[in-house]
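What follows is one structure encoded as structure tokens, with my remarks underneath.
Think of it as A, B and C in the order they're written, each chain with its own count starting at 1.
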Amino acid sequence: MKKRQNLEKTVDRIIESYDRHGGINHIRGPNLPSREEIVETLESLITIIFPGFFTREVIDRDNVRFWVGAECSRIYPRIEDQINKSLRYFCLQWGDCRPDTDACLIEDLEACLVRARKIARALLRELPALRRVLFQDVQAHFTGDPAAKSLDEIILAYPGMLAISVYRIAHFLWRRQVPLLPRIMSEYAHTRTGIDIHPGARIGNHFMIDHGTGVVIGETTVIGDHVRIYQGVTLGALAVPEDAGEYRDVKRHPTIRDRVTIYSGATILGGKTVIGKGAVIGGNVWITRSVAPGAKVFGEPPALAIRT
Amino acid sequence: MKKRQNLEKTVDRIIESYDRHGGINHIRGPNLPSREEIVETLESLITIIFPGFFTREVIDRDNVRFWVGAECSRIYPRIEDQINKSLRYFCLQWGDCRPDTDACLIEDLEACLVRARKIARALLRELPALRRVLFQDVQAHFTGDPAAKSLDEIILAYPGMLAISVYRIAHFLWRRQVPLLPRIMSEYAHTRTGIDIHPGARIGNHFMIDHGTGVVIGETTVIGDHVRIYQGVTLGALAVPEDAGEYRDVKRHPTIRDRVTIYSGATILGGKTVIGKGAVIGGNVWITRSVAPGAKVFGEPPALAIRT
Amino acid sequence: MKKRQNLEKTVDRIIESYDRHGGINHIRGPNLPSREEIVETLESLITIIFPGFFTREVIDRDNVRFWVGAECSRIYPRIEDQINKSLRYFCLQWGDCRPDTDACLIEDLEACLVRARKIARALLRELPALRRVLFQDVQAHFTGDPAAKSLDEIILAYPGMLAISVYRIAHFLWRRQVPLLPRIMSEYAHTRTGIDIHPGARIGNHFMIDHGTGVVIGETTVIGDHVRIYQGVTLGALAVPEDAGEYRDVKRHPTIRDRVTIYSGATILGGKTVIGKGAVIGGNVWITRSVAPGAKVFGEPPALAIRT
């Protein structure tokens, strides 16, 4: 009896705290997209992109059409639903629509759904193009890593390939101004691989990330074709002011031109920093200014204190 | 026939090896807490702390009381059980109780259960206070990151928030001397985020960790309010002696005062190292001595060898 | 109606793209091993190695024989199946067998199965020996980390122990020339811990990795006994040529002798680099040449620019 009363009181206090700190709950707000749903859909998309690699069942010439058809039918409404929720969330919270005017609200929710349907369809239609560019990324990993035994090994076991696959899907949605969804996707890749690519970054073809743990590629980074990056590389912003607000929507992250290689642990900062075509940035180097095309930048071997 | 005999022999040898290397099995020992159970309970706690963010079902004004009540009823006995197992483990293995005296054993097991119940109840009662301080952490991430679009995005997609949420729950249990459990929780966060915060660390309010992969915050670290930390920062111990035993229970990790910012890859070591209020520690800087309040410490840009 | 036609067209285009970019699909190819199956089997192996640590059910003197027997019976055919798929994959894609000669093909597939059975059996038989060496690794973590409270905590919550356990299993298969499988295993550990140990590396006993996020140990690394490594350490290759192909099968990664300690963030590169017995490598140090036995190598504290 007493135990039950205790629990009741605890529950009451939690509910009260929901009322007080509105900022971290969505009880009155719009229905948020679901991380679990998004992750499941993302995994299905990757399964379709690399058929036969991540399924337990055998996919062959005879059943492939049924399998792709079934997968696409299954995930299409789920993608649409998650995009719709993301758009509605933004519309109700930040949009021009006023929830007090019923008419406006309904109109905008309609508009959200129409847009969600369009984007979901476009994403599925984009899959062949995504396959083409991801195949180039697989080839770049094979050319770039002496430890790679086959293209298949790269698809099955390279974290860089997973992170880049997720990035290319998330970036597609980012370009179409879908809120929340692309960032939830990129965080999934970050969790799985330790590679943190903001979906807003713009990245060319034949991209390779080896090992990858600790890589950070910021929102306004621009990367050309045939670029190679190793673990622990940061493409980041210079010092952030006390209040980051004044700094939003500015190009804060560097530009990396074609055929640049950046070795492990290097840090390249600043929105005006440009690494010229074909440059090589050595491991652990710290760079806040532009580097000429073709330059090779290494830290002077630091004086070592050796006691024997 | 032969195949079965082979398997029998293999099993026998494994069992024998259990007898020989007792240190890595718990067949005769007390019943350990279950990592899976702990992770599931932890995820439920975070779901209650951020209602509507991590559930597939819609939570609204009408059902919220039922939902919270049901969740709390469901996880309370599981938390109690895991705390009880952790306490009993310690009691039987390391405590003063002598398992050869039945009376003592029973008494202590009783005492464990009573204490487990108390702590489990206290944890649920702490949830509103945890929500308050975590809301401040969410705000700190928004103020600190120009790429953040909304508070919701931070809850849904920032690894720093997950790591800090888990840390605050684990630290609550750590302060009440629950063994094993807090470390299993912090390792869950480490796995998910690459952020390794020891539950013994003491951390103030408005804490921000951006990107976070590779962050290590040691057991005896003390961190003030409004501190900002970036990926790859280590708050660690100076050289560890050959046998770490003599070094246990000593303050080995630094003290970071209010409003300090520590940029990516910086390493701050030693139990006597104090970073003064408002100081800024630059990226990749290596510090083993105290820094005055308000100081800005940057590595002299290292000489770069540039070949063009 | 229109909607259905749209989907049909999308599916057709995806199928077409499967035909065009054969390199990233396995529709006509051999049946690849399944990552999910491999991960589940790996987790079972670790459960048998550390009985009572990762199961929800209680394992005691009375049921342990049944439990181990049941587990071994359950996973044996699954391991065999995955090894067989890996061998067949290699045999069909890269082997000497010519798929156009039916006889040859069948013979080789037979040979694959026989070899798979042999290796699967050997792996189960190796478990007692693996337990012995992993017990030494657990002890090394306890001796090496002042924050460790017990051996049990290390098994339950140290990412280094998980990464090393997976490495020792994967290396066993690597030595027997099983393709793909060992790398899928090591990537599982990488995902869970941020520690990337290539299964080809050779590592002695009493090995400790603390915290571990960002550690990279390359394919041709050789590590002695009683070595300690901290987060962010890279044992890697010097610059990789434009086309990595010419660089395969060469010793590209360093040799670390007995009782060496390598602190966080240090980078040691090159196949001819040898770190002598008992040497200590300081944090963040960058090394591309051999170090004498017993030497202590620290970066000269870099000049710091301090503004107050």
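Convention: contacts are C-beta pairs under 8 Å (C-beta built on N, C-alpha and C of every residue); 3 or more make two chains touch, one makes a residue touch a chain.
Since the structure is predicted, the reported quantities are computational estimates derived from the model, not experimental observations.
Copies subunit B and subunit C of the same sequence differ by a rotation of 120 degrees once their CA atoms are superposed, given in steps of 5.
Interface residue usage between subunit A and subunit C, two copies of one sequence, is largely distinct: under half of the residue numbers at the contact are used by both copies. Computed centre separation for the pair subunit A/subunit C is 26 angstrom, with centres defined by C-alpha atoms.
In subunit B, the residues that reach two or more other chains under the touch definition are 194, 213-214, 232, 265, 284, 299, 302. Taken in their complex, subunit B has these residues touching subunit A: 48-56, 58-61, 64-65, 68-69, 72-73, 76, 121, 124-125, 127-128, 131-132, 134-135, 138-139, 142-153, 155-159, 192-194, 211, 213-214, 231-232, 263-265, 280, 283-284, 299, 301-308.
The residues of subunit A lying in touch with subunit B in their complex are 6-8, 10-11, 13-18, 21, 23-29, 31-32, 34-37, 89, 93-94, 179-180, 183-184, 186-187, 190-191, 194, 196, 198, 200, 213-214, 216, 218-219, 232, 234, 236-237, 239-240, 242-245, 247-248, 250, 252, 265, 267, 269, 284-286, 288, 291-292, 294-300, 302.
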